[in-house]
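Alright, structures below, take your time with them.
Okay, so subunit A shows up in both of these, paired with subunit B first and subunit C after.
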Partner chain A sequence: MGITDILVTGEPIIYAAMVSIALVSIAIPVLLTYFKKWGWLWREWLTTVDHKKIGVMYILSALLMLFRGGMDALMMRVQLAFPDLGFLDSQHYNEIFTTHGTVMIIFMAMPFLIGLMNIIVPLQIGARDFAFPWLNAMSFWSFFIGAMLFNISFVIGGSPDAGWTSYTPLSGAALSPGPGQNFYLMGLQLSGIGTLATGINLMVTILKMRAPGMKLFHMPIFTWSTLVTCFIIVFAFPILTVALALLTIDRIFGAHFFTLTAEGLPMMWANLFWMWGHPEVYIVILPAFGIFSEIIATFAKKRLFGYHAMVWSMIIIALLSFLVWVHHFFTMGAGAFVNSVFSISTMLIAVPTGVKIFNWLATLYKSKIEFTVPMLWSLAFIPSFILGGVTGVMLGMAAADYQFHNSYFLVAHFHYVLIAGTVFACFAGLVFWYPKMFGHKMNERLGKWAFWIFFFGFHVCFFPQYFLGLDGMPRRLFITNVVEWLPLNVISTVGAFGMGLGFIVFVYNVYYSFRHAEREKTGDSWNGNGRTLEWATTTPVPFYNFATVPYVDEIDPYVRMKEEGKTTYDESQLKPIHMPSYKATPIIMMAFLGLASFGLVFEWMPVAIFGLIGGVAVMILRSFDYDDGYYVSVEEIKRIERKARGL
Partner chain B sequence: MAKTDKKVPMNHVIGFALSLIMTLLAAWAAIQSDLPVTWVIVFIMVLALLQAGVQLFMFMHMTEKESGGGAVPWNMMFHGFALAAILVAGSLFTMSFGFDHGDHGDHGGEHEEHMEMDDSEGDHSGH
Partner chain C sequence: MAAEELKTGPLEYRTQEGRMTILGFWIFLAAEVVLFATLFATYAVLYGRTADAPTPMELFEPGIVLVMTFLLLTSSFTCGLAIHQMRRGNVKGLMTWMIVTLALGFGFLGFEIYEFVHYVHEGASLTSSAYWSGFFVLAGTHGLHVTLGTGWAILLLIQIARRGLTNVTSRKFFIISLYWHFLDVIWIFIFTCVYLIGMVI
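== the complex of A and B ==
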């Protein structure tokens, strides 16, 4: 097979994409060489095991993926508002809604949140890094390379086109021949390894590495949400891993797990997919709840109302999230009894969710709210998310779902929860913790512009879609020149471009603030309103986080520390700090496994086997690596701390 | 903290080899062997139990001296089994319980034909 056989041809948009990809991939090495930055990039970033740097890389990649998924979205909206323009053909449209959904959930929402967890959780619990820093780096590279593998399908081989749910039999070898669907399988499999490893890693970190004195019920609420999320990850992701592997075996090696022929069970895919898929939507919403809780408490300047109820409701949500998956295929034809059981379990989830909403409202009640940018995102989240949740309960009524299912009503529901929940939280959390990451805040005025534009764009885009759904417009529909639907579709497209504009302002703000924002002098960046340990560190955070580990035996420990004029730093207690060394093995190992996956996508077995052997070889190499890290001397710590604290 | 222990972890190596061998045996039983289906199933089940045992005893620190003669992670094990139960029982429940196979069945006359259809489909979901 020659190179021309696998390149996607015949589409102006794709040629444009190829040219831009080629330009970018030439520009990056040229610039790096010109500024002599290769060594720096390799030493400081590509081989790092520092949780803060890995977190930054996660967030940058997630923003990139948000851009990619956003472009997909805008192309779909153009097609839907101007169906006669012939902007996309139906095949292209199928590919775009598939990559949009997959990229947004797997390569944008999760990595963004995992990036924030990476940076913030160790700081919140007084730890110096993850429990397994090497594994953390490996997780990142597995996600990143998985994401890249998925994304090149656009220009090489052709994108998957069976929806982000990849339902069989459509996604099987018989009905979707060629590499497209393999890209989906291998991209998700590769990045799934990383997610699972991160789940274990963070779970151990939180359970084993908390500051002395800190009980579980002293932990900041974002750390709690991370812990609960990790449990869901650890229990849900193996299901996806197995389902993907079975479908891969079906497609590449000719098995019949999900095929129409030879007694395969196509519906079993939907069943397994949603056994992972529903917990997955809670994987992306619980950390968001945690972020909003932190921000609301900080800018309401009160302790979070009902901390214990908040924690327990998250735990209950996590348990219930494993018991509702059938609500995604009520229309499959299981009996009324089966549907009723899952209808009730679905509606039950609304109860702990409601508890959380009331707790946020109670936190805000009679408080002196400071309307900063992160707080605006958080306040906007509450009513918007309620719209998503209430329509979710409507969808949860099995009988009614026969009407709503696969209509734009559903599309509106999950965008209301995913955007007003997860995306708002990502923006809010990024702005909120930005000074911890980069040593300066984001500009408030531009931030407010970005917020308002995005917020209005969002509602203008998705509110009409509820009514389009009620008017009978199905999802994943390519032809929409039905006169009754056109006005609302045009409005929705206008809103989508509004969101795009909001995103541009947001990204411009990153650049603008980098150039112009005042550098932070204290660690407690938000007018001294910080409540938890991350604000007790200096800015920029030293690579070992805490020179001396603080003792914590209450919720919001930093509030009291400030009242008593204390810091976490006690020079008389300094001891050498044990830190992990940077390693090249994570990126090399995942590059080999990425190559193996690429080989499997095209079913080039020699390439796949070579990559696999390479990956295993690095794994063995790593097993015989006895480097246990190094010690930072007391003198050096003293020097760094004195400089940072102006002592 | 930074203790460097260069001993080869024989337990892990043996466990790793055992788990690979058992996986291959299971694959062989299903694909290559001439055993009757019931025996294949029994064989695979037994292997699965052994496999779980290998994981727990050789990798999960169940018997490690350092953790006080074995810290048994009952909590996580319980959750693991609970999830497995949900997976299996839940799939059986949703995939084969009370299926009405679409619309047919309410029309009286064509009973014969529907019986046949129900049978063949019942067969499917039974797997």
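== the complex of A and C ==
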């Protein structure tokens, strides 16, 4: 296979992408060498096992992926608003909607939320790191390398083009030959390992490392949402692992799970995919609910209304999420009885979700609301998400779904829940906890601009799509020069560019705040309104998080701590703190496994085997590594805390 | 990361790290249950879809599968004995019974490979039909787990020979014993749902 067979050729957009990728890949090493930052990068970031740094890397990667997925979206919108322009051809359009969906769900939404969990959950429960810091680093690198593997398909080998759901038989070897679908399979498989490991890791962290006295029903609501999400991850991700593996075995080794020949069952893929895929939707929405709950309680300056009801509704949502997968393919012909059962279970989910909505409203009721940027995102979420939820119930009615299925009505629905839910929460959570991560807040004025532009852009973009769907416009359609659809499509595209502009303002705000924002002096950054333990730490958070872990026996412990003048630094209680050492093995191991996956994508077995052997060798090295970490001495803790607290 | 160490109880449970690692492994096993459940479901859905390949009734024979079952179940028992010796503080007993476990595991793998080769010769391979794809991937995933388990046990034997019984080494052996018993449970389901049912219908 020559180099010209591997590189994608013949498209100006792809040539532009190649040039920019080449420039960036040259620029990064040159800059690192020029500023002599290689050692710093390796020692401080690439080998880190600190949950806060790993969280920052997750969020930065997720923002990068949001940019990539957003570019895909804008290209699609240009094509749909100006169908006669010939901007994209059909093949390219198929590739772009495929990568848009996959990147946004797997490589943007989940890593963003996992990044926030990484940073905040240990701080909220009074822990000094994850239960398994090494495993946490491995998870990050498996996600990152999986994401990179998926993204290089754009210029090497060709992108997958069978939709983010990758339905068989279309995605099988017979109808999608070549490496494109393999990139999808291996990229997701690799990052899926990391997600599963993170699920286990966070679950053990939350169950075993809480501050003394903190019972499960004393935990902050974001930690609760993380715990419930981890249960979904542990029980849903193995299904994806198997589904991806079976399709890989079909494509590369000639098995017949999903083929049309030898009595394979293509419809089994849809079942397996959505048995993971529907719980996956709740993996990205439950943490969002947790973030909004924290923010609403903080800026309404009240204890969250109905804390127990909030927790139980999350648990019920998690259980129901495993019982609704068939609603993604009511039209496949499972029969009236099966469809009715799944229709009812789908609509049942609206009940606990409604409970949550009313609890947020009740928290806001008669409170003195402070309209900060995170609060604006949270307040915008409630009505926007309801629009998405109500149309979800409409889609859940099996008989009516025959009309809505595969139309823009569906596209509008899931963007309303995923953007108004997950993306708003990511922005809100990032702004809210930004001072804990970087030691300064984001500029409020720019933040409000970003919010309003993105918010209006979002509604202008997706609200018309409900009507496009009702007018019969199918999703994943490349030619749309039907006169009746055109005006709404143009409006939608304008909205999409609005969202793009909002994102640019948001990113500019990161830079602006880095340069100009006032540095935080106290840990309790939001005018002293913090309610949970993460605000009790100093800013920036010391690498061991808590010098002394407070005793907690209530919800919102920091409120009382402030009244009683307690802190997380009690000099009489200081003991040496045990911390894990930084390790290079996670990144090296995942690099080898990434190489193995790359080999499998092109079905170059020697490369795959070499990578696999390398990965296993690093695992063996790890097994023989008995390094138990090190202790931070009491003197050093005193020095750090006195400096941070100005004592 | 608490460093306090209990003075009583099994070695592997004395440190916070040990307790957390064992809980984490139990959760991992829960994920493994889902993984195998999905494979069993796939197998069940594809049952009977043999296309032009031979049917399982024509190929499955009780003899060799019974021997494999006997080997693996016995290995689970000897693995339990190894942990019993570990709890008594007997490193030599632990190593002896673990080596017996390994030998039984290799025996199982040998018969499984022989069995697979035999089926392929009879015209039933991964690529011959949907049913056989399901069979080979389900049984093969179990076999792959056993293979990984044997490699892992060898690594742990080297470590215990070097370091003796500590909180860490006993934790590692306790966890591999959980893994090994888990594979035994999966095999009982494969034996019943795949081989026994396959022989009669």
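Basically, the second predicted complex is superposed on the first by the 647 of 647 C-alpha atoms of A that agree within 3 Å, B and C clash if a C-alpha of one lies under 4 Å from a C-alpha of the other, contacts with A are read in each partner's own complex, and residues count from 1 in each chain.
Just so it is clear, a residue touches a chain if its C-beta (ideal position, glycine included) is under 8 Å from a C-beta of that chain, and two chains touch if they have at least 3 such contacts.
Keep in mind that what you see is a predicted model, and the values were worked out from it rather than measured.
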Partner chain in contact with A:His578 - subunit B first, subunit C second, else both or neither: both
Touched partner set for A:Phe462, first subunit B, second subunit C, both or neither: neither
Which of subunit B and subunit C A:Glu263 touches, first, second, both or neither: both
Contacts of A:Phe337 with subunit B and subunit C, given as first, second, both or neither: first
Which of subunit B and subunit C A:Arg128 touches, first, second, both or neither: second
Touched partner set for A:Phe451, first subunit B, second subunit C, both or neither: neither
Contacts of A:Ile239 with subunit B and subunit C, given as first, second, both or neither: both
First (subunit B), second (subunit C), both or neither touched by A:Leu323: first
First, second, both or neither for A:Phe404, with subunit B first and subunit C second: neither
Shared contact residues on subunit A - subunit B and subunit C: 235, 239, 263, 265, 268, 272, 275, 578, 626, 629, 631
Residues on subunit C engaged by subunit A in the complex (per definition of touch): 1-3, 16, 19-21, 23-24, 27-28, 30-32, 34-35, 38-39, 42, 45-46, 49-52, 126-131, 133-134, 136-137, 152, 155-156, 159, 163, 168
Parts of subunit A lying in touch with subunit C, wherever the complex brings them together: 128-129, 131-132, 196, 199-201, 203-204, 207-209, 234-239, 241-243, 245-246, 249-250, 253-257, 259, 262-265, 268, 272, 275, 577-580, 620, 623-624, 626, 629, 631
Subunit B - residues contacting subunit A, complex: 1-4, 6, 79-80, 83, 86-87, 90-91, 93-95, 97-102, 124-125, 127
Of all residues in subunit A, those that touch subunit B in their complex: 231, 235, 239, 263, 265, 267-268, 271-272, 275, 322-323, 325-326, 333-338, 342, 578, 626, 628-629, 631
